[in-house]
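What follows is a pair of complexes built around chain A, which joins chain B in one and chain C in the other.
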Partner chain A sequence: MAQILASVIDGVLIGSIYGLAAMGLTLIWGVMNVINLSHGAVIVLGMFALYYLSSVLGLNAYAALPIVIVIGFGVGVALYWIAVHRVIGRPPLMSLLSTFAVNMVLIGLGTAFWSTSPYNVPVSLPSVSWQGYTYTGTHIVAAALAVVIAGLLYLLLYRTRVGKAVRAVAANRAAAEVCGIPTTQVLALSFGVGVTLAFASGMLIATLFPFTVLSGGAYQLKSFVVTVLGGLGNPAGALLGGLFLGLIEGVATPFMPVSWMPMIEFVLFVFVLIAFPSGIFSFTRK
Partner chain B sequence: MIIVRLNTIRPFPWLILIVTVSFALVPWWTDNVSLRENLILAALDITLASSLNLMLGYAGYVNFGNIVMFGLGGYFGVYLVSVWHWPILVATLVGGIAVSVIAYVFGLGILRLRGAYFALATIGVNEAVSVFVTNFEPWGGASGLYLSLDAYAPLGGPGHTLWIVYFLMVAVMGLSLALSYAIRRSKFGLGLLAIGENEDAAATLGVPTRIYKAMVYSVSAFLPAIAGGLYFFKSGIIEPTGAFDLTTSIETIVMVMLGGQGTVAGPVIGAFLYEELRGYLLTAQAFSHFQLVIAGLLLLVIVLFAPSGLMGFVHQKLPFTRRWLE
Partner chain C sequence: MQIARLCLVAAATVALASPTVAADNDTLTIGFTVSQTGKLNTDSIAQMRGFDLWRDQVNEKGGIKVGGKDYKIKFVSYDDESQNGRVQQLYTRLITQDKAQFLFSPYSSGLTATAAIISEQYGKVMLTTGAAEEKTYELGNKHLFQVYSPAAQYLAGALQALKEKNPNAKIAFVYEDDPFSKAVAHATRDLAKKEHLAIVLDEAYSGSTTDFGPIINKIIASKADALLGGGHYADGSTLARQLHDQNANLKWVTLLVAPDSPKFAELGAAANHISVPSQWEPQVKFKPDFGPTAQEFTKAFNTKYDVDPGYHAAGGYAAGLILQHAIEQAKSIEPGKVAAALNKMVVTTMFGRTKFATDAKQHGLQIGHDMVLAQWQMKDGKLVKEVIWPSAAKTADIAMN
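Presenting the complex of A and B:
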């Protein structure tokens, strides 16, 4: 029983970070109907941003977070103008391919510069022991920060004028334009925020595990699973979906080989896509 | 006097025949082994691109997991040859049929999804199959399956086998082109193009969209599966990372887009050009690390500025080619 409880806590801690990564993906989908296939590459950029700020410049890992966020936003807005702006409103094939092209370029450049060997950002925090199980401090802080960032996104979307504009564009771009909202800027901003969330989650993951240039792929696929669980375009659902996926991973790993985990995730993913296309939490939005 | 009505001549099937025959004969006559190795990859890429085009170009469905069928076909082929000692022709054919049946069943399920949702599901299918095979012990798990040299004995030893596999691969390429052309000119193809334009409208007009989509998914799996069987029989080894490489899937999409999606000749031209470009980039010192970057930039430029590819460009500039190059 205590073991299951420990697995649940582990799952929730890691799940909140999956949720954060997926929020970036789902926000971009919700606002502009673009599935950002460069998501994984951007998560990796977040990891390496932390690596340079922390290991090379010697900043405290958590103090680097605001800088990572600023860089992430800049990268996101740049990517919007380079690869996404021209494919808005065209068939989904085009945006899938253009963001995938960005993914190839980023991964290709990353592999050329950083090779595919593992990197590591050492962060030491005291652990917490409870009922015979130890929870590392970095996991707890990372989960807390993920929840804080998710809260900030909520405030941005629901308590500011800009957020209102973002939601208006998501609901109906043409009508928003008629109401005087500069929709193109709003799209660029939304893409920037989406990429920022990916950067932040990449940075938090980098404080927990070693990473390589190719780590992004696994997190991108987890983000897809989470996004689909929570319903495409639904940030709150993404956070719940992330916790749900984390729970599954946490509870299942003691009972089965880890190598089967991705298989279960993707079967779940395809199943949910077919059976519950608007997410398993969609009943809450009736 | 015979009156030839020019507008009824369809030169394209002859073009397919000429390309296929010259693929088969040129390395044979010149006895040029390195040309053969170069062309077998081109033939493989043309088969993959042209089969993907049935989904991507005709029906308008993005399939990121097209390589699954190639890998599964390879696994069936190598498994049947190495463990059950079947002849390679029978093994690849059975593999191709088995993969087509699997694809049809999959297709009925996941093709209920449309557009971006379907594209996401295909990535999921690719990863799920790859993880499944990595953990599937009868197929050798993560380390894969090997063929011993004895496997090549029935075809007259390894050296002879390479030529036979080459001719078979070229034949598969020719079949894929003929299939692509035949489908484009058939009622089935018309239905697919209608689905690509507007699926709801097509359904309203009586196109059995669900069956057609599952059929095209299955048909586009058949020849890649056979090509996979031949390719991995030639390599003598198959393992999951090589068989289910998402990058190869994407490169196939680049080929189709480069040549021009939805045309018969486009994927051929795209595959051939991309294959030559890749060969050049891999050998040129300065670029060997940047192959992915250049493929990515190429794809980005095509998508943003020339979404109908080279064929679109040629058709627009030289309208008379529309009848000659379909």
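Presenting the complex of A and C:
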């Protein structure tokens, strides 16, 4: 019983980070109907941003978060103008290919700069032990920060004029344009925010595990599963989807080989797509 | 204009028809792939450095002497990206286009199994290093020769040492789901059963695993006090860090491959007391029949790369030495004669003893070499790797958590 509870807690802690990563993906899809295949590579950039700020410049890992967010936003807006702006409104394959190309370029450049060797950001915080199981302080802080960042996104989207503009563009770009909303700038901002969320999740993951240039692939796949669970284009659903995925991992792993989890996750992915095409957390959509 | 176009086509045809690297008469071309990128790159690059050091030393001395002629060594190598598909393409290219006369294996059992199909198909002698799984040598190959001790031996020493320290140990086997790690774990599991040691967990994980939390919860739930397993560098170093972070309460941890790399010490306290089965350590004191001693090799390697060699680098260097010796003994560069010299070979180098099985059922399998068990230990605030097993070779006592 203690093992199941420990696994559930671990699952919820890591699930909140999956959710944060997926929020970036789903926000971009929701606002501009672009499936961002460079999402995993951008998560990795967040990891390396922390590595440089923390291990090379000597900043405290958590104090580096605001800087990572600013860098992430800048990278996101730049990527929008370079690779996404011209394919908005074109057939979906165009944006898929464009963001896939960005993914390949980023991984290629990353491999050239950093090789594919593992990097490590040593972060030490007190842990909590209960019945022989240890919950690391880094996991707890990362999960808390993920929820805080998700909350800030909620405030941005639902309590600010900018957020209202983003939601208006997501609902109907032409109508938003007629109302005087500068939709192109809103799209650039939305892409920037989506990439910022990926950067932030990458940064938080880097405080927990060693990483390589290729680590983003696994988190991108999880983000797709979470996005489908939460409902495409639904950021609040993505956070719940992430927690749900983490919970499934936690509950299932005591009873089966851990190597089965990817198979189970993708069975769930297909099942939700068929049975609940709007996601199982579509009730959170406003 | 027409003539210019014809000239262009003719030039292109000639360029395409010519091999990329022509083997000239006084040069021996050796081909191999390196995992410059991908999950195997840390160990594979170390192995390549061993090859490179050997080549440079041979060429500085004028080359390999064969029948009054000196052959300089020329390498042709490509990045296999740690992928089987690339290995298949590139070994074919090395043989057919680059005209490689001899081959070294890629790093890892999985990639070598693929390369061996190609090398055998073309009858090329291939020295395998960084490829311990036995299965590849049980397929009737005649030109494949293994430098490393086979997989079954990897954790045998750790098991003996563990039994000596704690006969009632409860063992968790946690290993990467790849051919090499599975071969090691399954062989050791059988050995543990024979030794009547308790096995409380047997769990394989994907090589791309980044979060070992669920597995560590299983280890804690199993009440294991010893862990044997791991896989390669990326997963092994991650597992070691999380075992430390989550305080898995293990008295003994032996992981494959990863802790052998000097880079492993970057984990700090998480590396302390982690042991690793090693094909070779700089402290060994073999008396070589030819080539440098382990200490001379270590010094030369450190001078060139500013880092001490691990066993992957030493294995790469030894592969070169053994091939060189076989060519010199054969007095020929013909693959059949060199293979015959390798079949007869019983030698000791800086890497230890080398002898290849010659019966058809396991031709080329390494049967002369012995492994040691090394352990990271904190000494004066600094992590150092000591040999702890076998007793005859140890440089420090076994330390347990």
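FYI, the second predicted complex is superposed on the first by the 280 of 286 C-alpha atoms of A that agree within 3 Å, B and C clash if a C-alpha of one lies under 4 Å from a C-alpha of the other, contacts with A are read in each partner's own complex, and residues count from 1 in each chain.
By definition in this document, a contact is a pair of C-beta atoms (placed from the backbone, for glycine too) under 8 Å apart; a residue touches a chain by one contact, two chains touch by 3 or more.
For clarity, every value in this text was computed on a predicted model and none was experimentally measured.
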In the overlay, answer first, second, both or neither for which of chain B and chain C A:L96 touches. first
Give one of first, second, both or neither to describe whether A:T111 is in contact with chain B, with chain C, with both, or with none. both
Check the residue A:T138 against both partner chains and state whether it touches chain B (first), chain C (second), both, or neither. second
Contacts of A:L156 with chain B and chain C, given as first, second, both or neither: neither
Quick one: is A:S259 in contact with chain B, with chain C, with both, or with neither? Answer first, second, both or neither. both
Is A:S127 touching the first partner chain B, the second partner chain C, both, or neither of them? second
Examine A:V270 and indicate which partner it touches, taking first as chain B and second as chain C; both and neither are also allowed. first
If we overlay the two complexes on their shared chain A, which of chain B and chain C does A:V228 touch? Say first, second, both or neither. first
Residues on chain A in contact with chain B in one complex and with chain C in the other? 111, 217, 257, 259, 262
Within their complex, state which residues of chain C touch chain A. 36-39, 41-42, 82, 177, 203-206, 208-211, 213-215, 217-218, 220-221, 233-234, 237-238, 241-242, 245-247, 249, 263, 266-268
Using the touch rule from the top, collect the residues of chain A that touch chain B in their complex. 29, 33, 35, 83, 86-87, 90-94, 96-98, 100-105, 107-109, 111-112, 217, 221, 224-225, 228, 232, 257, 259-260, 262-263, 266-267, 269-270, 273-274, 277
Would you pull the chain B residues touching chain A in the complex into a rising list? 56, 60, 62, 109-110, 112-113, 115-117, 119-121, 123-125, 127-128, 131-132, 134-135, 246, 250, 253, 257, 289-297, 299-300, 303-304, 307
What part of chain A is in contact with chain C in the complex they form? 2-3, 6-7, 10-11, 14, 111, 115-118, 120, 122, 127, 129, 132-134, 136, 138-139, 205, 208-212, 214-215, 217-218, 249-250, 253-254, 257-259, 261-262
